[in-house]
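Several structures are given next for inspection.
You will see two complexes here that share chain A, one where it goes with chain B and one where it goes with chain C.
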Partner chain A sequence: MTSLNIAIAGALVLLGVGLYGLLIMRNLIKIVIALQILGKGAILALVAAGAISGQTNLGQSVAVTLIVADTVVAVVGLALAVQVRRRFGSLDVNELSTLRG
Partner chain B sequence: MLPLALLIVAVLCAVQAVRAARLLVSAIWLAGVSALVALLLYWLGAHEVAVIELSVGAGLVTVLFVFAISMAGEDLTPLKSLISRPLALALVGVSVVAIAWLALPLIEQPVTGESPFGTLLWQNRGADVLVQIVLIFAGVLGVLGILADEKRPATPGVQTADMVEDVTPELVTEIVEPEKELA
Partner chain C sequence: MNTVIPVSLIVLPLVSSPLTYFAGRLLPRQTALARTISLLALLGAWLVFALVVRDYTAPVEFRLEGIVFRVDGLSLLFAALALALGTLAVIFSGPYMAGKTGEEKYYALLLALTGTMIGLACAADLFNLWVWFEAMVVASYLLVVFYREKSASLEAAVKYLVQSAVGSVLVVLGIALVLAQTGALDLDAIRAAGTSPLLLVAGVLFLIGFGVKIAIVPLHTWLPDAYSQSPSPVSAVLSGVVTKAGLIALLRALAALAGFTLSWSAALMLFGVLNIFTGNLLALRQRELKRLLAYSSMSQIGYILFGLGVGLYVGESSGLQGGLFHLLNHGLMKGLAFFCAGALLYAAGRINGNEHALKIDDLSGAARRYPLLALALTLALLSLGGVPPLAGFMSKWQIFVAGVGTGESLITLLVIVAALNSVLSLAYYLPVINVLFRETPSALIERGRTLPLAIIIPIIVLAAALLLVGLWPDALTWLTQPASAGLLAAFGG
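Right after this comes the complex of A and B.
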């Protein structure tokens, strides 16, 4: 098993762990953490795919864009979590609904 | 063998980040995932991305998480997940198999004659760089969102400190000394 195959397998496992976290978590900050794990898997997959196809630099340039996007998602998600905690007193996504009836 | 060991530890860190009860512990495990992924990227020959991932993923994002958790506070109440764990595992398994089945055949055969990283990033993918600049501005707004103070909703008949600041000195004189105004 080459290191590239290992990286692809690892990317798929990280994607799975992140997706599992997204499905079962109700805490807003834990959801952002699960999104970050998903992002790590995607970065690893992009670089590994670039290395397999002989275009490492192309994979790297796309991965840099993904790192920036992932960081901004984390920042905006955390800002939302802080404001939700102040407004609703909880980080539970199930308590965010203000519609009744 | 080293990449395999790095990968196994990274996956274990990711599982612990999802399982940990305390948010701060989850953030530390996530920093571990970032550092190990950066090592894997370096092993794959993506040196520039490895450095960026280590500084941004393991450094900046971890600081942001610790800062946000200290602002929001720990929520230690155990929350029952909305869907059952076996169903979640089944969905994850189906999704990962589907991604592997659809994406792996798309990886092309080796291509020769690739441009340098700098040329690719600044010339061939210049639009991406512009999008990144816009995203960074969005991130700045996000940080301002974390730091923003809470504004209390105005209650009818109740004056808050914010409302008093808007009152002009002339109006205060009229309210405090109405007879002076009449005279």
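Right after this comes the complex of A and C.
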């Protein structure tokens, strides 16, 4: 198994785990973690894509930028989690369902 | 053209954003300074915009290392819309947001949002496009959750964040597929690399990923909450421009995937009609003004998608021009409608996070107390419903004419469905207008405050623009024509 295959398999596994987590998790912090796992899968996919096409530098520089953007989203998500805990006294997203229709 | 000028169109709002924040921080009780800086920055951006338009003959390209920017017709059209609503929102927010905690952050974020949207419209490589898109989305999260003590806005923001973040990941996967296949991220280079089935998959990922922001039908569930819970000027910007930024990003990305234009145009038409219909049905049962306007945005986006789809399908610029014209008009109409809703909330003193509290029955008798406001809201709603001779009619008409002009019976059928839906939409716009002109004022209207000038000015400007564009539809052709021609060329039509 080449390292490229490992990277692709890793990306697919991370994406699968992230999606599964998003679907079953009810805790807001765990949802943010699931989003992070999804994001990491996407980063790995980009690096692998750069390697496949022979543009390793392009793929990796894009991946580094992506890490920054991903972190910003995580920060906002966790800040929201802090506020949700203060307001609702719980992190369960099922409680966040007052807006309907 | 000198590249300094187009660069400063993007840089000016982005640099003034932190300046605004620090000005507000240094003088904690004097947010007027922050407001003035943001207004000056936007006026400066208008000046730069005028210079760019004056010298504009052909798309201008500039590079920073490997990052490519290109100012073309579509960028100019979108920059004009973003600047217009951004400026009016800053003016409107003066009294509206006065004295709120974090006011300086609010103006800084509004500037950052405007700047990132202009940057997005100028991005000419795929990853650059994504970075601007993500920056814009982050700025809009923070604006949606501006009333962070309110549980309803937290709920709206959580839904918005989770859905948008998943959409972003899908876009990145699409980018990875494109990179693996073509070895390039520059939109022109991708186009030159030809077709392959993998690129079709990438296009579908773009459609879903950016579709979350556009609120394409199964991905729309965040939209009513986010629009109705954010401060009204932010709702105006979100609905008027941010949603369309997703559309611009989608068009740019799809245009690079040459060879599948027919599939994309079919998808755009199909989702367009689906959006029109679903948006209308959901809007029919709304009792809150801002939620109704949010759902009506969904259906108006549908008209834009439909027009663009028709134009791409036949490879003629008339449908594209109609779609882009409707994009501009919808920004004006929905901006006006949300500003009016905001003005009523201000009058009622309900601007402290009770953004959802404005029921339609609360508008009862508003025409007596606030005749100008009632007139402006009536104009906006009639224009949204496509009543001639207002702006909304002109662009819808252009889209329908282009659709029938294709001569395909299926498209003609879709046009008929869309036109009937325009009538259906009057079923929820007209009752609101009816309530406005009732004899007995509601308790809210009776106790209402007088409106300050800064709230009235944006409303008058937008209402006048709607009338002007309606009576003289060619007023915006200078923007829509180069944009549609450029888009058509990009799609290889």
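Note that the second predicted complex is superposed on the first by the 98 of 101 C-alpha atoms of A that agree within 3 Å, B and C clash if a C-alpha of one lies under 4 Å from a C-alpha of the other, contacts with A are read in each partner's own complex, and residues count from 1 in each chain.
Keep in mind that, in the parts below, a residue touches a chain if its C-beta (ideal position, glycine included) is under 8 Å from a C-beta of that chain, and two chains touch if they have at least 3 such contacts.
Note that this is a predicted model, so its numbers are computed, not measured.
So, does A:A42 touch the first partner chain B, the second partner chain C, both, or neither?
The second partner, chain C, only.
For A:I31, using the defined touch cut-off, is the partner it touches chain B, chain C, both, or neither? Pick first, second, both or neither.
A:I31 contacts chain C only, not chain B.
So, A:V72: does it touch chain B (first), chain C (second), both, or neither?
both
Looking only at contacts as defined up top, I'd like to know whether chain B or chain C touches more of chain A.
B
Applying the touch criterion given at the start, work out whether A:S97 contacts chain B, chain C, both or neither, answering first, second, both or neither.
A:S97 sits against chain C, while chain B stays out of touch.
Does chain B (first) or chain C (second) touch A:Q83, or do both, or does neither?
Both partners.
Applying the touch criterion given at the start, work out whether A:A7 contacts chain B, chain C, both or neither, answering first, second, both or neither.
In the superposition, A:A7 touches chain B alone.
First (chain B), second (chain C), both or neither: which does A:G54 touch?
Both partners, chain B and chain C.
On chain A, which stretch or stretches are contacted by chain B in one complex as well as by chain C in the other?
Residues 15, 18, 43, 45, 48-50, 52-55, 58-59, 62, 65, 69, 72, 76, 80, 83, 87 of chain A touch both chain B and chain C.
Under the definition above, what is the set of chain A residues touching chain B in their complex?
Per the touch definition, chain A meets chain B at residues 1, 3-4, 6-10, 12-21, 23-27, 29-30, 32-34, 36-37, 40, 43-45, 47-65, 67-72, 74-76, 78-83, 85-87, 90-92, 94.
Hey, which residues of chain B end up touching chain A in the complex?
3-4, 7, 10-11, 14-15, 17-18, 23, 26-27, 30, 33-34, 37, 40-41, 43-46, 48-49, 52-53, 56-57, 60-61, 64-65, 68-69, 71-73, 75, 77, 79-83, 85, 88-89, 91-93, 95-96, 99-100, 103-104, 107-112, 114-117, 120-121, 124-125, 128, 131-132, 135-136, 138-139, 141-146, 148, 150
Applying the document's contact rule, which stretches of chain A touch chain C when the two form their complex?
15, 18, 22, 28, 31, 35, 38-39, 41-43, 45-46, 48-50, 52-55, 58-59, 62, 65-66, 69, 72-73, 76-77, 80, 83-84, 87-88, 93, 96-99, 101
Could you pull out which chain C residues touch chain A in their complex?
Interface residues on the chain C side: 66, 127, 131, 134-135, 138, 141-142, 145, 148-152, 154-159, 161-162, 165-166, 168-169, 172-173, 175-177, 179-185, 224-225, 228-229, 285-286, 291, 356.
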